[in-house]
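Structures incoming, each one as structure tokens.
The following pair of complexes shares a single chain, chain A, combined with chain B in the former and chain C in the latter.
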Partner chain A sequence: MQIKPILAALRRHKAGTILIALQIALTLAIVCNALFIVHERVDRVNRPTGMDESNVIAVQNRYVGSPPNFVPLVKTDVQALRSIPGVESAYATNSYPLRQGGWSTGIQTKPDGTKDGVPTALYFGDEQTLKTLGVRLIAGRNFNAGEVVTVQPQQTPSPPQVIVTKAIVDKLFPNGDGLGKTIYLSKGKPSTIIGVVEKLTVPWTDFDHLDNVTIMPVIFNSGYQHFLVRTRPGEQDAVFKAIPKTLYGVNRMRVLPEKYGVRTYDMVRSRAYEADRGMAILMSVVCGVLLAITAAGIVGLSSFWVGQRRKQIGVRRALGARRSDILSYFMTENFLIALAGVVLGVVLAVGLSQWMFTHFEMKRLSFTYVLVGVVVLLGLGQAAVFAPALRASKVSPVEATRSV
Partner chain B sequence: MFSYYLQLGLRSLRRNPMLTALMVMAIGFGVAASMTTYSVFRATARDPIPQKSSVLFNTQVDAFGPENIEKGEPPPALTYKDATALLRAHKAKRQAIIYPVSVSVIPDDPARLPSREGAYATGSDFFPMFDVPFIQGGGWTPEDDEKHASVAVITKSANDKLFNGAQSVGKQVNLDGRLFRITGVIQDWAPQPLFFDVPNTGGFDEGASVYIPFTRAVDLQLSTNGNNNCVAEPAEGWANYLQSECIWLSLWSELPTKADVDAYRGYVTGYAAEQQRAGRFRWAPNVRVRDVMDWLDVQRVVPPESQVSLVVSLGFLVICLVNTVGLLLAKFMRRAPEIGVRRALGASRKDIYAQFLIEAGTIGVAGGILGLLLTGLGVLGVGLVFPEPIARLATLDPVLILLTLVVAIAASVVAAFYPTWRAAQVQPAWQLKSN
Partner chain C sequence: MLKMTHLAKVYRTEVVETYALRDFNIDVKEGEFVAVTGPSGSGKTTFLTIAGLLETFTGGHYHLDGVEVSQLDDNARSRIRNEKIGFIFQAFNLIPDLNVFDNVEVPLRYRGMKAAERKQRIMDALERVGLASRAKHYPAELSGGQQQRVAIARALAGSPRLLLADEPTGNLDTQMARGVMELLEEIHREGATIVMVTHDPELAARAQRNVHVIDGQVVDLAEEPRFHAHAHLANS
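Coming up: the complex of A and B.
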């Protein structure tokens, strides 16, 4: 390869060379960080909840007024929901995966444990909860209707029976004998683990222990209730429309908020990951436009160089260089510049990632992304320079005799 | 001379439409990306109450203890005991406890459905302290606070909905089945970030449409609609809840002078010390009295998404500039012979500078106009990228329009410096000889 003469020629075009290399370096730094952000966000958005999310509808309901006991109202509503044609199961709760609001506490294995305990989200429910969520019970049994207890506001719920996720039993009882063991959700009040579900996530998308959930047979005496409804396949739309009518038919003194009153699980999910999806879109657009601009810049500058050197190209051709020699000259030249660019770019990319890591608590860039970025930019450079290089190779040897 | 150079510049730009379009697009895209993300950043990082932000202070008292907090930062809210004790002491010009509640507004017309409204339970000082703009009547009085009166202030939209926008001061509004007398109607007021309720809203929220006295809300046992954190489980019942170590209240104070702030901070520290002596706190006083901007900063109100996207788009602008420098260099140097002729005919270096910077400036103007259009599109599309409560704050106002144009022109002139300098270095003799 004719690298030496290329380097010699580049030395006469310092400014242009540096500019292209710099542009490639900066583009690499931004693109691989942006792609990494996209990857991370897409990963988050696709995280499973452990539920079978299709055909599930979430209802947010507030009763108006303050009767001493909301429990009869809640029970009537749940019955009404269950009798809507097309509904498979339904229950009342305080929260569910991706709701972004809910209760959490620490689980102790001793009655008077003073340590923080194993963090867990708390979901209230009844015998239809597991079926409605569509989670898999891997050990033990479901609740029965007789086990449901009432919990008053400002009281920590701690019913005698609970179902927990596998993540919790694994943490509390690493020997695998968690089923049937006693745990404490509130000082001195024992609860027995009667069942274990494979996976179910907490209501929040930013929580250190995503899979730590305790389901309890509890009806909460509060004017603020959520209902989860599972419909038979294909009947989700009909049930979706029937829910407000049915509930207002039972009792008008309630509020189902306009935007978030009745939602399919798709809506719940897209709302929960709104910011992540947005960030992924923004970063993808930035990457696309950035690569396009860099490619256009390389085309522009290379074309200029080709134009400037028509005479020299003509001389080389006249002295016996083939077209392919000219083509490979420009391709190699671009490759060398791009190589310098990506070397600098890798340093910048890692630096930028480090800076974002310390300032915005973001994860550190994985090396795969740097590698992908390097390959993409080298390829982009080659693709961008191809058209001008081809034009250069078509310069006729006669040019050598012409004055510019 | 300016208009002549302008003509020359335009002619030169027309000669090479592809290259010109490329430069205009680079500047336009770069500026638009930066300005769009800047509009979001500006909205999230702004001062919500500029005329008073330096004299309004949030109070934090650590009721949780060192083992239950992170890095020594006291919890973001107060217990009922601490908030009411500090309020009773009257150590500030104005002071109000604030917590969010949710109420159902029941219309008199039985044909209409009740609606759920966000509300704040607070004190009479809230309205003058935060310069809340009234359009009818005014806030309730300190006596109403004392008497635990059933009074309310509602917003214009609530007034429109309930009374069709008519004069409603003195009329009653039915909240959860109880009647409250309206003392005033305010504008739809929700400063962003919603500094006085950051722990419950994250800073961006539509605000409330009803305000009722804190004392009355506590009588009615209205629990908070926001966060409630307890280190120990309270005993059953509302009275025990009020005496518990659960945190759910904010306390804001207006302290006009530095001396007031120091005195107040001293008082709060003394209060915490007293609690330690009484055996309630088993740790040294750990209190914070922070003004609005400090508070927003500590609470990290600006979402990391908005900062990261601003950083990335500024990087984008830099790349676009490097790109433009390269293209301008190519463009200017191609005209070396022409420069040589001009110089030989007596043009000074200064003339060359003027000519080429003006040409670059026209690219900046074109890029700025394109950037402005794209920024407009970008601001409209912010809703696709940022959550709604933040997206609606990003607007294309005159300041942003002006900034877009200034940045575009400045960027292209900066980008033109090096190519212009190179152009001015062209040796006339050398150029003439080579031809």
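Coming up: the complex of A and C.
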């Protein structure tokens, strides 16, 4: 290998060498962290809700006017939705996973109402809720129609029966004996855990306790209602179109917002993670641009050096260098510069990650990303220098006899 | 050692063919010191680049050390340049980024020689040209004469069968030129075959044999004294 003379030559071209190495180092530091953020966002976007999201349609409904009791209207709408051909089940609720709005409270195991309980999101529903959500009941039973109670706007909902997620049971009753236990969602009003579902997430994507959900057999006396509808496979499109027609047919005194009135669950998920997706795209573009600029820098400097050293290349060829020797000279030279750059880049990447961890509560950069970044940057360097190096290898030995 | 027979070199463009060498014949025996002279544009540098396998030729035959070189591929030509030929250029052609030691080392590295042997050969060659003490200096820190001595050391380090010198004193003042010429003569006395291209009649006179080139053809001065006078006037 001709590493020693290459290093000796690079020492005589410090400015260009240091600039490219720094560019590679900065690119590595930024790209590693950016790709880590992209991966985290993609993970979030694909995070499961615990539901079987296919064939579920979400409806957002606002009744117009001020009738004394909305409950009959809600019940009529639920019946109408259930009667649409292709519908498997439907129910009215206050919220659902990824809705980005809903209710939460703290669950206590003591009746005195102290606020040191486990945080939970509250979902209203009925006997068709579990079926519509497609969640798995792992212990206990479902609600029956007779257990559904009405809750007024000023009331804190605390029905006698609730179904909770496994995450809540595990936290409240670590011994695994939560089924049948009493919990308190409001002071002095006991609720019995009659069922446990494997997993169901809260409505918010940034909530710390993502899997803490309590489902209640409640119909809420409010003009603002959400309906979830499960269709039979292959019927989603037809039901999607039929829902507004059906609901307006039952009662025209309502508003189904044009954009978010009726949505498939893909649309719900897409809307919930819009910002994450945007950030992932932005970071990917930044990575792409940075890598392209770095590659262009390497191509530019290598081409300049090849042009500058044309006579020197001719002399080397005259002294016995094969084309492959010249190619390998420039490839090795770039590799050494890139290596210096990635070593510095690793330090910068870890430093940047530590800084973001300290100041923005972000996760620490996984070393896998640093390794991938190192391989990508070294590979990019070799790819970028290949064309100029190939051009150099084609310089004729007769260049040695030409005057400059 | 070096034999060219009816050799031709033609540069072709879309509209014109230019003969740099035409029916070029030369035979340099082992151990000879031959000076190739001729006016500018006569083809003597073209001869040297073909002799050194830096360029291909268009027709004829060229045997170097008994090998017909016209059919050799690029790698084989590189290997012959590296192992059998030592070049001394008018402009020295040292690599400015490398010090004297590393410059002399360049052809030895391409030969794949072990580091210890390389070092021995480099120091021997530098001793030979009187520059062992300047091994760590860069070319820019040396005089023209010293740079040419380094170039000669580089050519000698690989123990070539043939030394090709292209106007080796062309960029040097009289005193330095004399020193370099004496060094070449010494190398020749030790048995090296040297072919030197020059337009300086004084230098040419110090060679064993002069070959004059005019319009891409060789004219033996011993047989054509008129050309000698003509060339002398043209270059004076």
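Just so it is clear, the second predicted complex is superposed on the first by the 399 of 404 C-alpha atoms of A that agree within 3 Å, B and C clash if a C-alpha of one lies under 4 Å from a C-alpha of the other, contacts with A are read in each partner's own complex, and residues count from 1 in each chain.
Please note the rule applied: a residue touches a chain if its C-beta (ideal position, glycine included) is under 8 Å from a C-beta of that chain, and two chains touch if they have at least 3 such contacts.
Keep in mind the model is a prediction, meaning the values are calculated, not measured.
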item	value
Chain B versus chain C as contact partner of A:Gly146, first or second or both or neither	neither
First (chain B), second (chain C), both or neither touched by A:Val398	second
Partner chain in contact with A:Pro72 - chain B first, chain C second, else both or neither	neither
Touching partner for A:Ile37 - first (chain B), second (chain C), both, neither	first
First, second, both or neither for A:Thr294, with chain B first and chain C second	first
Chain touching more of chain A, residue-wise (chain B, chain C)	B
Contact residues of chain A, present in both the chain B and the chain C interface	403-404
Interface residues, chain A side, partner chain C - complex	2, 4-5, 8-9, 12-13, 311-312, 315-323, 325, 396-398, 400-401, 403-404
Chain A-facing residues of chain B, complex	19, 22, 25-26, 29-30, 33, 102, 104, 106, 113-116, 176-177, 223, 233-234, 236-238, 241, 303-305, 307-309, 311-313, 315-316, 318-320, 322-323, 325-327, 329-331, 333-334, 384-388, 418, 422, 435
Sites on chain C touched by chain A in the complex	45, 48-49, 52-55, 74-75, 78-79, 81-83, 87, 89, 91, 93, 95-99, 102, 105-107, 109-111, 154, 158, 166
Of chain A, residues touching chain B in the complex	15-16, 19-20, 22-23, 26-27, 29-30, 33-34, 37, 62, 64-66, 152-156, 186-187, 224, 248, 252-255, 257, 274-275, 278-279, 281-283, 286, 289-290, 293-294, 296-297, 300-301, 303-305, 307-308, 352, 356, 359-362, 403-404
